[in-house]
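A, B, C and D label the chains in the order they appear, each numbered from 1.
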Amino acid sequence: MLGQYLPVMALLVLAVLFAALSFGASRLLAPRRPHDRKLAPYECGIIPSREAPERFPVRFYLVAMIFIVFDIEIIFFYPWAVAHRDIGLFGLVAVLVFSVAVFESFVYLIGNGALEWGPIAEVRKAASRRLGSDVVRPGVRQVGLEGRKVDGPTDRSAA
Amino acid sequence: MSETDVATEAHEDAPVASTALFGQAVLYPDRGAYLATVESLRDEGYCTATDLTIVDYLTHPGRSGLPGGVQPERFEVVVGLFDHARRERVRLRIQVPADDPTVPSLFDLFPGTEAMEREAWDLFGVSFEGHPDHSRILLPEDWVGHPLRKDEGIGAIPVQFKSASDRR
Amino acid sequence: MAAVRLDLGDDERVRRRDGSAVLRMTEVEAADLVLDPSDPVTGERADERMILNMGPAHPSTHGVLRLLLEMEGETVLRSKPIIGYLHTGMEKTGENLTFLQGPTNVTRMDYASPLFSELVFALATEQLLGIEVPERATWIRMLMCELNRVASHLLFQATNGMDLGAVSMMIYGWREREEVLRFFEKVTGLRMNHNYIRPGGVAADLSDGWQDDVRHLLDIIPPRLDEYEVLLNDQPIFRARLQGVGVLAPAEALALSATGPILRATGYDWDLRRDEPYLAYDRVDFDVVVGTCGDAFDRFAVRLEEIRQSLHIVEQILDLLPDGDYRTQDKKVTPPPRARIDESMEALIHHFKIFTEGFHVPEGEVYAAVESPRGELGCYLVSDGGPKPYRMHIRGPSFANLQTLPHLMHGRLVADAVAVISSVDPIMGEVDR
Amino acid sequence: MARVPILGDISGVLDEGLEGLEHNFVTARIEDLVKWSRARSCWPATFGLACCAIEMMATGAAHYDLARYGMEVFRASPRQADLMIVAGRVSQKMAPVLRQIYDQMMEPKWVISMGVCASSGGMFNNYAIVQGVDQVVPVDVYAPGCPPGPETLMHAILTLHDKILTGELTSRREQTGAGAGFDLADFPAPEPPAPEPEEAP
């Protein structure tokens, strides 16, 4: 019985060994010159004049929540996936009910605009509006038309 | 070649003297008529301000080329406007005395001169009234002095010959 | 010709001074702004906002540009480009160098297209001197400048691709640029900072057999440009990253003094080579490339097409280049050839005078402008009759184009900010001078 | 005096790291291994300032290909960079930023001062430019040129690698108290092998 867990144990030992070796080597061999600037946050070279802001917009946390929702869900799929033949239809229905319950919270998050990150509305509206005139003028070559239909006034510029 | 024909354009108050240098019209409004002149030029069709810079005439007072009515001062703000329809450039040279180096800002007429005016203030010390962000642009904020003025040296450090390797 | 009257019509935000798109305050104030909800613009959502510093040492700021971004979540609201991290005091140095040494100083401003700075300085000096440059020198200058435009736009394609994640574009762009630099090294002796175009003509004649080298360039670059089209233009992801990003209206571009590909991308056809012809551009036919929607994709497409137009010009120059001497024979300006110095005393005197004190330029002031790959590159030169310029001011196109950044990034994501900076293609040497 | 059978006296290890080890047969091999790995994959931090940055990028691109020295990755953040190539003129406003990034780089770190503007202020001897980057950071190799061609930069990089391997760099640093300060002129590039005389057909 114990034999089953041998590969897992071997993997565990290897992982610990590798981690210990790399940490040990860098701990031993790298020259150490601790310096407070080395620990300061990297601000593209600017010396931060004040503490980094603790208050982050809520949107960042919502994304974390969405990840948590799906991550936990997958973990509960594992036991089902291993034993799904034995527990048959009953297991399938149980798992489906569980995933619908989790999915419902995801729909709520999306409904509240957790993933609306795009540019603010009035900027999005001005996206692809023709500005210049589309009349072909001698000695002027028009570019930038690939892959988009351009709506807007045909010849707005005064002659 | 530079033919100096003084064509005084009639404006409401002080007439603006002008010369033509190398095919480009040059106007010499005084500080008071500065904004009015630029506004009227803009309405005439000068649709973009290409350049705004300052020249410090401290060590070169006796410069020719100034039409009679203009009293040469130490600083001279030089603004370049461009009329794309008629393909004509005009250059305004505004005399600014050393003791009161302030000039009205062009930001309301040409927002493009905002950075140029900040650079002019930064390197010459001529301040622009009504400028939205009157701070240094090129030099560090705690820099003392205005380096491009003629009375400030170039700041060169005498070259110290470090230990040139004697093996050569 | 589309002469759009300066009506800021639907875009009043440029005029409003309430910091509609530009964060008009110093760093210290900006740092404290976030904690002050009474600020008229941020209002009660001050705690949602943070000031992010996209600093001088950033992979995608094309050198040492620094941006203060006021952001709410991932959306950039107001921003302020902070420059000066490469301020070299070149205008002060210019006042201490003679007119002959001037090009060495000026050529280090826009290091992606150094020949244009030398050209504008030489044109301004020649106007002050009132001398005529021989035909061959004019055409050589045009040939070298157009090839420099090709090299500069290839540099843009490389860095623009890398900024947007198409890292292989960096390798392709540099591969073509090396070809052009090899030709430059053969003619001018240097890959960059050539000091080749001097007041009075060019430093040396074209290397013999230059026609074959130029034909070699004309053979290999166009097919590779088509490769770029396949690699970039036809890709929906690349187009999605650039289309509709950083839209600029023609009136707004004119108001902010933007010139070059940025102004042309808004559909406003203005090119100094055609509208204020200098050198011999009126005897060469080419198209002015114009965009449609004024966004980042148009700026990219305009520059790609301009490479083809420049190669088309180079093709015409190949058979139109006249013979003759490559420098003006005016004794006062051009140092005598080396061999002459041993023979004639007068040549020795001229040589000695030109290289020690420099030739005197009559008093006066002049503004000359050329169409550099980034826009109108102007040189305002004031001479007090001495051998050194009294005041040398270079109007850098990137300096003015950089002012459009806050208006292009207003209300967009941070990822778009990278695309916008890359599409404006600023060269910090020319911005900071 | 903690003595360990193989490694000998290791009391200096905790605070000195590699240098603290007593030099005997085994530790010498470790030292060689570590120096070899440091020399063969030192990643440059992107510190392109001015014209030299364009030449540095050209060196990194396909034709001159820095990747053959294990350096093709220009790390943006100083945390992952071993080598700082100061490519371009350093202005007074940029000096504190340069020092901050140098301090935030991980040990062991090397500095190449690329171009005359970085090495000595170059042609801009004026108020705006720091006259030589060695006033801000300790420099190990000076590469002359304005801008130094890709070949010169690669010569500087190879010199740096050799000095790391032979350990001369660290000893030179103690000697000067700051950077190793190698001048490229003292290390002429090895002449290309003379072409073998073709045998008579």
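We adopt the following convention: contacts are C-beta pairs under 8 Å (C-beta built on N, C-alpha and C of every residue); 3 or more make two chains touch, one makes a residue touch a chain.
Predicted model, so just to flag it, every value in this text is computed and none were measured.
Taking the CA centroid of chain B as reference, the farthest chain centroid is that of A.
For the interfaces C-D and A-D, the C-beta contact count is higher for C-D.
The mean-CA centres of chain C and chain D are about 33 angstrom from one another, to the nearest whole unit. If each chain is reduced to the centroid of its CA atoms, chain A and chain D end up 37 Å from each other. Rounded to whole angstrom, the centroid-to-centroid distance between chain B and chain D, based on C-alpha atoms, equals 46 Å.
Inter-chain centre distance (chain A to chain B, centres taken as mean C-alpha positions): 51 Å. Touching of two or more other chains is recorded for residues 92-93, 97, 101, 126-128 of chain D.
For chain B, residues touching at least two other chains, in rising order: 139-140, 147, 154-155. Touching of two or more other chains is recorded for residues 45-46 of chain A.
Taken as a contact graph, with one node per protein chain and an edge wherever two chains touch, the assembly fits none of the named shapes, being neither a line, a ring, a star nor a complete graph. The set of touching chain pairs reads A-C, A-D, B-C, B-D, C-D, using the touch definition from the header. Listing the residues of chain D that touch chain C in their complex gives 46-51, 53-55, 57-58, 61-63, 74, 76, 88-89, 91-94, 97, 101, 123-124, 126-129, 146-147, 149.
By the touch criterion given at the top, residues 139-140, 143, 147, 152, 154-157, 159, 165, 167-168 of chain B touch chain D in their complex. Interface residues of chain D, counted against chain B in their complex, comprise 92-93, 120-121, 125-128, 131, 183, 185-186. Residues 13, 15-19, 30, 34, 77-79, 96-98, 100-101, 103-104, 106-108 of chain D are the ones touching chain A in the complex.
Residues of chain C touching chain D in their complex: 55-59, 63-64, 84-90, 92-93, 104-105, 108, 111-112, 155, 158, 170-171, 174-175, 177-178, 181, 191-193, 428-429, 432.
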